[in-house]
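Heads up, the thing below is written out as structure tokens.
Chain naming follows the written order as A, B, C and D, and within any one chain the residues start at number 1.
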Amino acid sequence: LATAPIFELSKKGRRAATLPKCDVPTVELSDLLLEDVLATSPPPLPELSEGDVVRHFVNLSTLNMCVDTHFYPLGSCTMKYNPKRHERLARLHGIGDLHPYSRVEDSQGMLQILYELQEMLGEIAGLPAVSLQPAAGAQGELAALHVASAYFADRKESRTKVVFPSSAHGTNPASAALAGFECIQLPPSSNGLVDVEALKNAVDEQTAVFMVTNPNTLGLFEKDIAKISSILHDVGGLVYIDGANMNAILGITRPGDFGGDMMHYNVHKTFTGPHGAGGPGAGPIAVRSFLADYLPGPIVTKTEKDGQPYFELSVPPKSIGRMRSFFGNVGILLRGYFYLRTLGSDGLRKVSEHAILNANYLRTRLEELMPVPNADRCMHEFVASAKKLKDEKGITAMDIAKRLLDYGFHAPTVYFPLVVPEAMMIEPTETESKETLDAFFETFKQIISEESERLHEAPESTSIRRPDEVSAARNPVLSWTACVKD
Amino acid sequence: MGYLYNTPEQEREMLDVIGCDNIEQLLDQVPSDLQLKGKLDLPEPMTELELQDHLTRLAARNHCDRVCFRGGGAYDHFVPAVVDEIAGRGEFYTAYTPYQPEASQGSLQAFFEYQSLICALTGFDVSNASLYEGGTAVSEAAFMAMRVTRRDGKILLSEGVHPEFRQVVETYTRELDTEVITIPAVNGVTDLSRLKEVIDDQVACVVFQQPNFFGCIEPGEEICEIARKHGALSVVSFDPLSLGVLKRPADYGADIGVAEGQSLGIPLQFGGPYLGILACRDEFVRKMPGRLISLAKDRDGKQCYVLGLQTREQHIRRDKATSNICTNQGLLALRATVYLSLMGPEGLREAATLSCQKAHYAADRLQEVDGLKLAFDGPFFKEFTLSYSGDADELVKRAADAGFDIGPSLKHFPGAPESSHDSVLIAVTETRSKDQIDALVSALKE
Amino acid sequence: LATAPIFELSKKGRRAATLPKCDVPTVELSDLLLEDVLATSPPPLPELSEGDVVRHFVNLSTLNMCVDTHFYPLGSCTMKYNPKRHERLARLHGIGDLHPYSRVEDSQGMLQILYELQEMLGEIAGLPAVSLQPAAGAQGELAALHVASAYFADRKESRTKVVFPSSAHGTNPASAALAGFECIQLPPSSNGLVDVEALKNAVDEQTAVFMVTNPNTLGLFEKDIAKISSILHDVGGLVYIDGANMNAILGITRPGDFGGDMMHYNVHKTFTGPHGAGGPGAGPIAVRSFLADYLPGPIVTKTEKDGQPYFELSVPPKSIGRMRSFFGNVGILLRGYFYLRTLGSDGLRKVSEHAILNANYLRTRLEELMPVPNADRCMHEFVASAKKLKDEKGITAMDIAKRLLDYGFHAPTVYFPLVVPEAMMIEPTETESKETLDAFFETFKQIISEESERLHEAPESTSIRRPDEVSAARNPVLSWTACVKD
Amino acid sequence: MGYLYNTPEQEREMLDVIGCDNIEQLLDQVPSDLQLKGKLDLPEPMTELELQDHLTRLAARNHCDRVCFRGGGAYDHFVPAVVDEIAGRGEFYTAYTPYQPEASQGSLQAFFEYQSLICALTGFDVSNASLYEGGTAVSEAAFMAMRVTRRDGKILLSEGVHPEFRQVVETYTRELDTEVITIPAVNGVTDLSRLKEVIDDQVACVVFQQPNFFGCIEPGEEICEIARKHGALSVVSFDPLSLGVLKRPADYGADIGVAEGQSLGIPLQFGGPYLGILACRDEFVRKMPGRLISLAKDRDGKQCYVLGLQTREQHIRRDKATSNICTNQGLLALRATVYLSLMGPEGLREAATLSCQKAHYAADRLQEVDGLKLAFDGPFFKEFTLSYSGDADELVKRAADAGFDIGPSLKHFPGAPESSHDSVLIAVTETRSKDQIDALVSALKE
């Protein structure tokens, strides 16, 4: 009952929220607002009691797997533990309730936090100029590509192409296209890394940016990244580092040091902003000094007032403009700030070391069961292939993924990156113990020993079984009204 | 402090299995000349206790204790405790994109309900599962209009649209040949005669805001009609809370409705994360950006929810995707879902009515103060523009010194017309009392 | 894994909490404290990571049914919706973090709340003198019985007996015994009500107190309560009203008006203090004016200072003393205060009216399936009997209770009160809708149509099946160490 | 506002099924002369928004912003955020007594773990699932000792036991013939020679506190030894946090350990709800008051948890029960469980060590202030008694005016010896910094 669609729980005349009586003299609304803009009745929202609302959503929540309840090795998503202290602190009076148009003199605490975060992110990137504005990684990419455009326009260079490897996240080409670039995809390479020769052939004076994830989506560090960067720089192009996999290299190596000119962070991945069932994220970008003037703003600057540090908001002189209204996804940025302030440099490096340790341990063990193409080491994640299992026993990556749910593990990312057949992309993160990894391995082993028929039917124990996504795509029903009409 | 799970002994055991002597060997994957020499230059780490003390000190340097009459697109509406309780459940906030629907029915159903509630709220047939915030929602709507109309020549933006939203459109379109034309506001509302002059068959859409940035009520129906006549789409950026009393966008003929959803149970938190709402008529659904949740059946025929129409999205279409957005604002969409479920039709109507009544009382009373008058004649909803005989910032400061936050001053918005430089916005929500309004008036009279 | 006993999750050397470095000059502990009081090593608590602690307890929580997730018609416990706003407000800075020894001048806000709560509870009871101190209903009973003793001692009366009906809660005799009284139980009556004649025979000048729950544990209003009170008062005894069932009579009738001299409230039942999986509660007592001087203290008194109301703590002149340290279970009292302030007199009466409506509706419907002995109306709860089902089909109250769990309903209270065979005590509360009651009825109907063998095996779908409580009682294992030893 | 679920229409339908015309008819069960005429005289109802405003105003009249050096049995220890998060889950706080173990394994296992953690913390074999708070725990222990020893003649209470705990024992025993005898403290600790004089074979137990109310370390081992020699049980009321560094009660020979558990992750909230801890040796288990959770097997042989030894309890034994307590402090026991799980041995040791070191630093520095000196010579843990040359309340006020909470003054405790009237308690926890201690000292020097 409680998890029936909320419109079905509605009963005319029920109320949850009650509002105070009006304490000012009231006037007929039709005297205040023109009759023809007024609705004749309020919108047909469902009518519920408060307890029913609570029971509905609490019950819905229990239908989710999440980091708080399960191991969630979803590759590329860095599903690490989200510290509860961050949730408490982000709600603090003076933090959670600060209006975005608070005067600068009324926001010095917040501006200090954001300034310090800019500085820390610049240091971790090795790219000193930071804008916290982008709302998510994809918006960070778009912002950086606009920065590149503005930079080249300023230099009167006409560059129309963005190049990326075939293993790239889909947002890379989508962002490049949205920023008006032509997208050039490199052919897949044999070793999972960027093919330096292919890259050389692909770039020229029309190339604006090469976008690369490093470590890449196979969990491999692009060992030729310095050479790659030189190739780009030699033709006058820029190197963009997709920071989705920063969890592998914190304090170990820096995009700015290996040749990147621009990058974004995913604060919700690397720095524990909770994933929120799909968002919000935050996608700050860091760039080299010569690109600083083009950053979207406002950014926080530090000055002095009466001998004390004083923080202000300013827009870089040649800014590409705003990516969004207000300052940014501050709530998520705060969680990144809390995380960095509690870890410090040693703690941050340990994060990556243990992310790598966990990934390699699980990789080594799982390789007994399934090949992990491309190398015998990985960084923070790896991509195994179920191709052999499929060929020999008819077990697909999807079957294994679904069956894992029955055993109380969230599934890895499957069928990405596209360059590995029957890909299972596994990222344990540093916030899991050997015990959990061992249990995951044992379960994996158990699963592939099961009858393939049973696996095709998996999952068995979840609240629903496999949905028919094909007919849902053909005939989408996207709202309650549409559903009632049917 | 840190978040390590494996003990030194386990580290040893794991390295043995891997076949390494130490973690450094695993780092060999990074060429040694690229490895960072030395340490990152970051502040010393803090424990939870120290961090809490630190934050408490910093929070005290932000002034949030004044009575809030501040507006400009983010409002001090009441957030019921139930909203925090639900959004605070780890099952929602520590899950991710529902790639495995069998393990994500909670989020999926909540987002389907979000879409349904937004449809009920706006009158549109279909809503996506949310976008970043109001400004990008306007941009995405404009891009969508270009795809629908197959016109990329011009976009018309009313000056009544939030100036930051307009800036976002400027940024998003900077590498396109599309011309972004601002239709000025006259006496606080879109100049219809100018709009009629400018509009032509290259225009993909006309974007206006209701109530607009100055708080004024736009002639929405007429704007939509003008757009329709010229084959352009009408895009309205609405205040969702206002729909407790105002006509729904779809009901007065808008093609696409977008909104900043902050007023639906989302805390102010210095500007974000907020909620971008986008809804439209059925026929545009395949041109819509962002995630969509669809009803489906599982293998046993049981009703369930899945990610729908993914072929529009960038992990399948890559550079041909409808947008580069690859998440929704899940947790904020959840907040709005819970908020609207609690309010229901009557609650929303009351919240809207109270905001409106109190705003009008405040406007009446504030005009008793020497030097203050309403900048515009027309009707407004919960926010209005006050012009001042002196410096607008000085007025804001006087209010602040007396314990009230008003504003922002319009002159701080880039491109604000000279005529608005003596003006401030005043927003009044259902959380304000008559006593507080009277006290503000008294303070400004002094 | 996550729900394994927490000691099994321990790994030597793991840490969750970290504390700051010591910022004062340190001295060897053995120089500060005598060597022989120092432990040689810290206590052998488990060693865990923070994320594992979270995952463990979040997973444990999902093994509970609760009001937030399920209909929970546990008779006598008033499992109503617990408003979330109360949780938010009880945590407020200035409320949740107030030290119990804050000076009176530093606690005026809190003291005002507690004073107003005393006043409201006095008004609802019709018994003007209130002490908020008792920590739970049972402690309220004990406190009131001590008040009675002190009162009689003051009057130089020697009264040694406490009388109660056979349907009384077990705490009544337990409290009476603890307060040094002899316990006299009335024989069961034929109509579920106190047998006035039996009572007359049972009381005399040795009788101190008659303890009665009204409405009683069968959900029936003791219609002769005025006469009962007279009988007690005629022999010089006092009438104690067990307030467990106050949810039935708020604003409808008052213990003080129907002859009660003393009563306790269960704030966690009637006034939405959450039940906390077994506590904390709060058991304030209200008494007639002539008993006020004996109340446990401190209580809050209202005076004036500089023309403003001013609140102080004071101990009644002949107080029986403290029932506990500090003021009381303030956190729970606060929730009661919030509730009363949001409901007001009309709202409060509606609570009882709808509690009665819901109970009678469900009673009427269920009577189709099972007899509800004793009357054709009930107050806020009723007791059905599965005796006929047991005799005819071998289905026990316990079977039905267990099977309800499979269908997503918490079970009613079973086998209490003792006076009804195969008792099922059902209290829907006012915070459930007709839809829920109908679904419960349909389920009930379904269950009694099932094979009795299946019902004996129920529940099937819970995390465990029926436990062997007999051998657990014979051979209790009460701690991890004991369990490891075994 | 209200919490009604049935609409007027449903009310009608339900009344029809019942066979009533209106709700008033249902109320006929209450004789009409007993029905309340008119309405209860209660304040007008408030909405959530109004209540929040009201509470915010009242909260502002409580002073909680000073630096806290206040003690006397309730302490400003740090509460990690994880504790709030877990205790804030509806699954725990809106469940009740686990009468249906199949639907309550979450609470049952948590309470079993609580019992186990308390055993690990104290060294005892068995702990109950908690009692109301420290004072009633002492009383219950004394009653338990009477049952175990079959002696009800005398109970000896050290003057070092919290005076309010002693008052509770007085109340609980007021109708018994049992004599409650206070053993005075000399130089802040239990007078052993007086104890030896008083103790005889009628004494059921000797109760002392470690560290005691004055902050001093008692000669625990000797007190236990004296009790044992006379066939009495030793009951110690301990500070659970102190066991990060102090010897465990069972290890120095105590028979029963009780405690106020507030320092284990429980907020101050003006005195409650707190947590009563009671643990003892195996052999006393059937004489123990309160709820016990036992490991068991289900029908399939799976490990599970159930309410154990219920035959001691009042719903079965009624007037013969070991106690009238019929619940535990479930949510507080859960908080302590989570707290101890987070702290682990090292965390608890650090918290105890920090409290101890800082308290000693504070004691040293405070004695620099004219007129202040330690009241007692002996060792202390995190709290100490300071005697003052002037009026103790005036000292507390001076500190308050400068932004510090100290105290309480001992003279406010009924029965406080005359000699203590110039004294205040000072408690220093791990949450205090050197700067704060130095600032307190400076303020008092002025």
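Note that in this section contacts are C-beta pairs under 8 Å (C-beta built on N, C-alpha and C of every residue); 3 or more make two chains touch, one makes a residue touch a chain.
Since this is a predicted model, take the numbers as computed values, not measurements.
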Any chain in contact with subunit B as well as subunit C: A, D
Comparison of A-D and A-B by number of C-beta pairs in contact, larger one: A-B
Subunit A and subunit D: spacing of chain centres that average the CA atoms, whole Å: 45
Mean-CA-position distance for subunit C and subunit A (Å): 47
Distance between the centres, which are taken as Cα means, of subunit B and subunit A, whole angstrom: 19
Where subunit D touches two or more other chains at once, by residue number: 1-5, 10, 46-49, 52, 80-82, 85, 88-90, 430, 433
Touching two or more other chains - residues of subunit A: 11, 14, 17-20, 49-52, 54, 58, 62, 67-69, 81, 83-85, 87-89, 93, 431-433
Pairwise touch network: line, ring, star, complete, or other: complete
Complex interface listing, subunit D residues touching subunit A: 1-5, 7-10, 46-50, 80-82, 84-85, 90
Touching residues on subunit C, where the partner in the complex is subunit B: 11-14, 17-20, 49-52, 54, 58, 83-85, 87-89
Subunit C-touching residues of subunit A, taken from the complex the two chains share: 1-2, 9, 11, 49-52, 54-55, 58-59, 62, 67-70, 81, 83-84, 93, 408, 431-433, 435-436, 439
Contact footprint of subunit B on subunit D as seen in their complex: 48-49, 52-53, 78, 80-81, 85, 88-90, 430-431, 433
